[in-house]
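Take this structure first; my questions come after.
Chain IDs A, B, C and D follow the sequence of writing; residue 1 opens each chain.
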Amino acid sequence: MRRFLVLRVVGKLLIPFMLVFAFYVLFHGDFGPGGGFQAGVIAAAVVIFYGLIFGLPAVRRMVPDAIVETMVGLGVLLYAGVGVAGLVFGGNYLDYFVLGSDPVSGQHRGIFWIEMGVAITVSGVMLKIFYMFAGRGRSLEGE
Amino acid sequence: MAVTVFAIVLQRNLFSVVVLAGIYSFLMATVLVALDAVDVAMTEASVGAGISTVLLLGALYLCGGEEAKPMARPWLPLAVAAVIIGALVYGTLGLPAFSDPSAPIHVHVVPRYLNEALKETGVPNVVTAVLASYRGYDTLGEVMVVFTAGAGVIALLRRARKRVDEARQ
Amino acid sequence: MTLAHLPALVVVVPLITAPVTLILRRPAAAWALATGACAFSFIAALLLVAEVAAHGTISYHMGSWAPPWGIEYRVDILNAFVLVLVSAVAAVAMPYAWRSVAAELPRDQVYLFYTMYCLCVAGLLGMTITGDAFNLFVFMEIASLSSYVLIALGRDRRALLAAFQYLILGTIGATFFVIGVGLLYLITGTLNLADMATRLVSVQGSRPELAALAFITVGVSLKLALFPLHLWLPNAYAYAPSVVTAFLAATATKVSVYVLLRFYFSIFGVQLVGGMLPMPEVLLGLSLIAIVTASLVALWQTDLKRLLAYSSVAQIGYITLGLSMVSRDGLTASVVHLFNHGITKGALFLLVGGIALRAGRPGFERLRGLGRSMPVTSLGIVIAGLSLIGVPGTAGFISKWYLVLGAIELGRWWLAAFVVATSLIAVAYVWRFVEAAYLSEPGGQTPAPGEPPPIMLIPAWLMVAACVYFGFDTSFSVGTARDAAALMLGVSP
Amino acid sequence: MTFASHYSYWVTIVLMVAGLYIVIARGNLVKKLVGLSIFQTSVYLLYIAPGKLIGGTAPIVAEGFRVYSNPLPHVLILTAIVVGVATLALGLAIVVRVREAYGSIEEDEILAADRDGEGGA
């Protein structure tokens, strides 16, 4: 697909906006529909889109496997870590009340970080699955 | 929507099945918007129509797309289906009617979420408040499920690729 | 501080270990962490049992939200007991896994195996400890998804198909469970199990409740491989890696039994299950058929692992048989057998894994003369086999004893005779091993003399020792089970 | 107890059973998975539809609205969707492996291959 100039240009133009949209969905989840999961899916879709236009090797250079695999684990750790932080500050597991100076700001902080964790893991997993399936096709063709 | 599903039942070309499944998910998302479940609709559209379709197409690309002829004796599945229809109809007949504000799900537990969530968590989207805070542990489990799937796919597909490499050598 | 948070930590520690092992990507580190996590959970579970026995039910509020708004972890004597079983088997199998997994899996997958193992342990523990119906479903999925992967990692290509069939049936089961929970939610408006139980009293016997009971029963029965929904089990157990077979056989179906007990007696209540529906009769019939057919099928297997898998289906029949009596002795038998069969099967599959390490697939032609080439392993299998039959002096005897007591208490002499008679079929299939290992000359396929390494033998023998120990000292197993049965029936202990 | 008041339940039941039928009756592994996800999707309606209140709005607290639809089922179903896609991904990964090991994704052919090569593999 490398030859389609229009696609390449439009793709390059669109991708930043799509990423911004992913972040919008992530941070706006408190007020409108959306949240970590949807943001993660959109972010992964952006990278997959890039991969479809510029090819798998290009996208693998941009977002290497090692980073993706780390993301998969990191997001979950962040989420579970927020829970442990609740324990450390003297609350129950996943207690956000104790994370801030007053209960509501604690809740805000807790919700923000766990949504972040969700987004990281979800986009990592989606990307990894895409790499796995796409990479397989290649190795089979080689046979 | 029902028409799409029956088309899926009858259709034997797997590519059509996958596309129909995508359409089905979009229709489902529309219905969900009509039912005020915007968060769910958004997720269903991106997951059901987006991710699932991509995954299925990817798998078909690796596996080939025609289905062999269906099973010769569909009586057992039909019997199972009939029993389940019976049980569900029996069960749902006793449920509260559609949009009945005095149904138990509207008077128990939920009022606190709707009335207090903004005060207690500072988040106006009650779905987010319940998801991330009141039932935050469920969401941790949900992320764990995603993680399990990711790690599982890595475990399953990495090994075989190595095997293909070995076979080639 | 730590003690108060034990209910959360017992699940969260293995849960957190899983992503850490994935990020580290070192097999040795992954093994060490997973072992530590399982050992921690085991100790935590023991402390919880002691705590519950002394001070009664513990309720832990996740995120400090009081139930029914938040998610509650609720530990009583019944699930504390199941927690001990799951975490004990998980912890004992870990040292064993070190050599066994290295031998059965390619090197770059070993750390992922431990990731999945931690997830599976956390999922099963979470299912057991939770006091929230939907949270139970979420953890059920964590446990199931990870077990599909663990089974698919088996060396044989048939492991893949077994895992796929398990995935399909397991997902149908889980979805049925969700439908049942959904119906309950629609008539009660709550997901908290304790709250649900109190609110169900006012709508007892209503149609949605009965439908929910049916869906949950079918869904969970798929998971626990109750006859005739057991079709996924033999293949899954036969082709999975040895450690996985031992762990899943000892725990996964047992946790499902626990879920069934919990829903029957804590949610729906004895009156509904025992009085208004023919549930006990249906379960009794299915259990009897399961015991007879699965035992007979086990007799004809050509492979020791498959034989034991079919024997598991039969043994689950004994557990549900106890359940179907809906009496103190019957339920005690059920819970005790859940525990005793867990350790017995765990011991057997661990030992068979040792044979698999030395000889490949444990087909009977390879077991000829095994008593001489692998005496320690063979002796262990015979002892655990005696417990499987229910010979006095072993753990298996205790559970059958209570089954017979329960049957006599209900005046069903024929049932007592049935339990004794079917044990004879178990004698026959255990005898097949004895015949091959001790009474046959070594054939061409018998492995050369030599035992599996001690790091595998010692955990396996620990379990064998447990089979004997709990045959004599029953204060922990039977004592706890009697309390649990009293709790379920709502009578004072 | 009229027909109309339970209409949403009937739709759910039809979808559910159609999905389940595909899973049981079809031998193609990919199609089984499609059926499985339809089966799971139908459950979403069972939860969400009763949560709707006519005249209500999406559960986002704002000025001028008094009646909201029930948010709790939405949360549960978000989780269920995620579980569904996770199962699908894992199932497909296994199907891909099956295809490589057997060269087929039809259940009958795979079982036949196993019978022929008993003990081989």
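What to note about this one:
By our rule, contacts are C-beta pairs under 8 Å (C-beta built on N, C-alpha and C of every residue); 3 or more make two chains touch, one makes a residue touch a chain.
Predicted model, so just to flag it, every value in this text is computed and none were measured.
In terms of C-beta pairs in contact, the better-connected of the chain pairs A-D and A-B is A-B. Rounded to whole angstrom units, the spacing between the C-alpha centres of chain A and chain D is 24.
Here the CA centre of chain A is 20 Å from the CA centre of chain B. Annotation: 27 Å between the Cα-based centres of chain C and chain D. Between the Cα centres of chain B and chain D there is a gap of 5 Å. Within chain A, contacts with two or more other chains are made by residues 31-33, 37, 69, 72-73, 76, 80, 83, 93-94, 96, 129, 132-133, 136, 140. Multi-chain contact residues of chain B (touching two or more other chains): 38-39, 43, 47, 51, 55, 58-59, 62, 88, 92-93, 95-96, 103, 105-106, 109-110, 113, 124-125, 127, 131, 133, 135-142, 144-149, 151-154, 156-158, 164.
Chain contacts: chain C has residues 15, 18-19, 22, 62-63, 134, 138, 141, 145, 148-149, 152, 179, 185-186, 191 touching two or more partner chains. Taken as a contact graph, with one node per protein chain and an edge wherever two chains touch, the assembly is complete, since every chain touches every other chain. Across the complex, chain A is touched by residues 1, 5, 8-9, 12, 15-16, 18-20, 22-23, 25, 60-64 of chain C. On the chain D side of its complex with chain C, the touching residues are 16, 20, 23, 29, 32, 36, 39-40, 43, 46-47, 50, 72-73, 76, 79-80, 83, 86-87, 90-91, 94-95, 97-98, 101-102, 110-111, 114, 119, 121. Residues 38-39, 41-43, 46-47, 50-51, 54-55, 58-59, 61-62, 119-125, 127-129, 131-133, 136-137, 139-140, 142-144, 146-147, 149-151, 153-154, 157-158, 161, 164-165, 167-168 of chain B are the ones that touch chain A when the two sit in their complex. Looking at the complex, you find that chain A touches chain B at residues 29-35, 37-38, 41-42, 45, 48, 69, 72-73, 75-76, 79-80, 83, 93-94, 96, 103-105, 107-108, 110-111, 114-115, 117-118, 121-122, 124-126, 128-130, 132-137, 139-140, 142-143. Listing the residues of chain D that touch chain B in their complex gives 1-2, 4-22, 24-28, 30-31, 33-35, 37-38, 41, 44-45, 48-54, 56-62, 68-79, 81-90, 92-97, 99-100, 105-106, 108-109.
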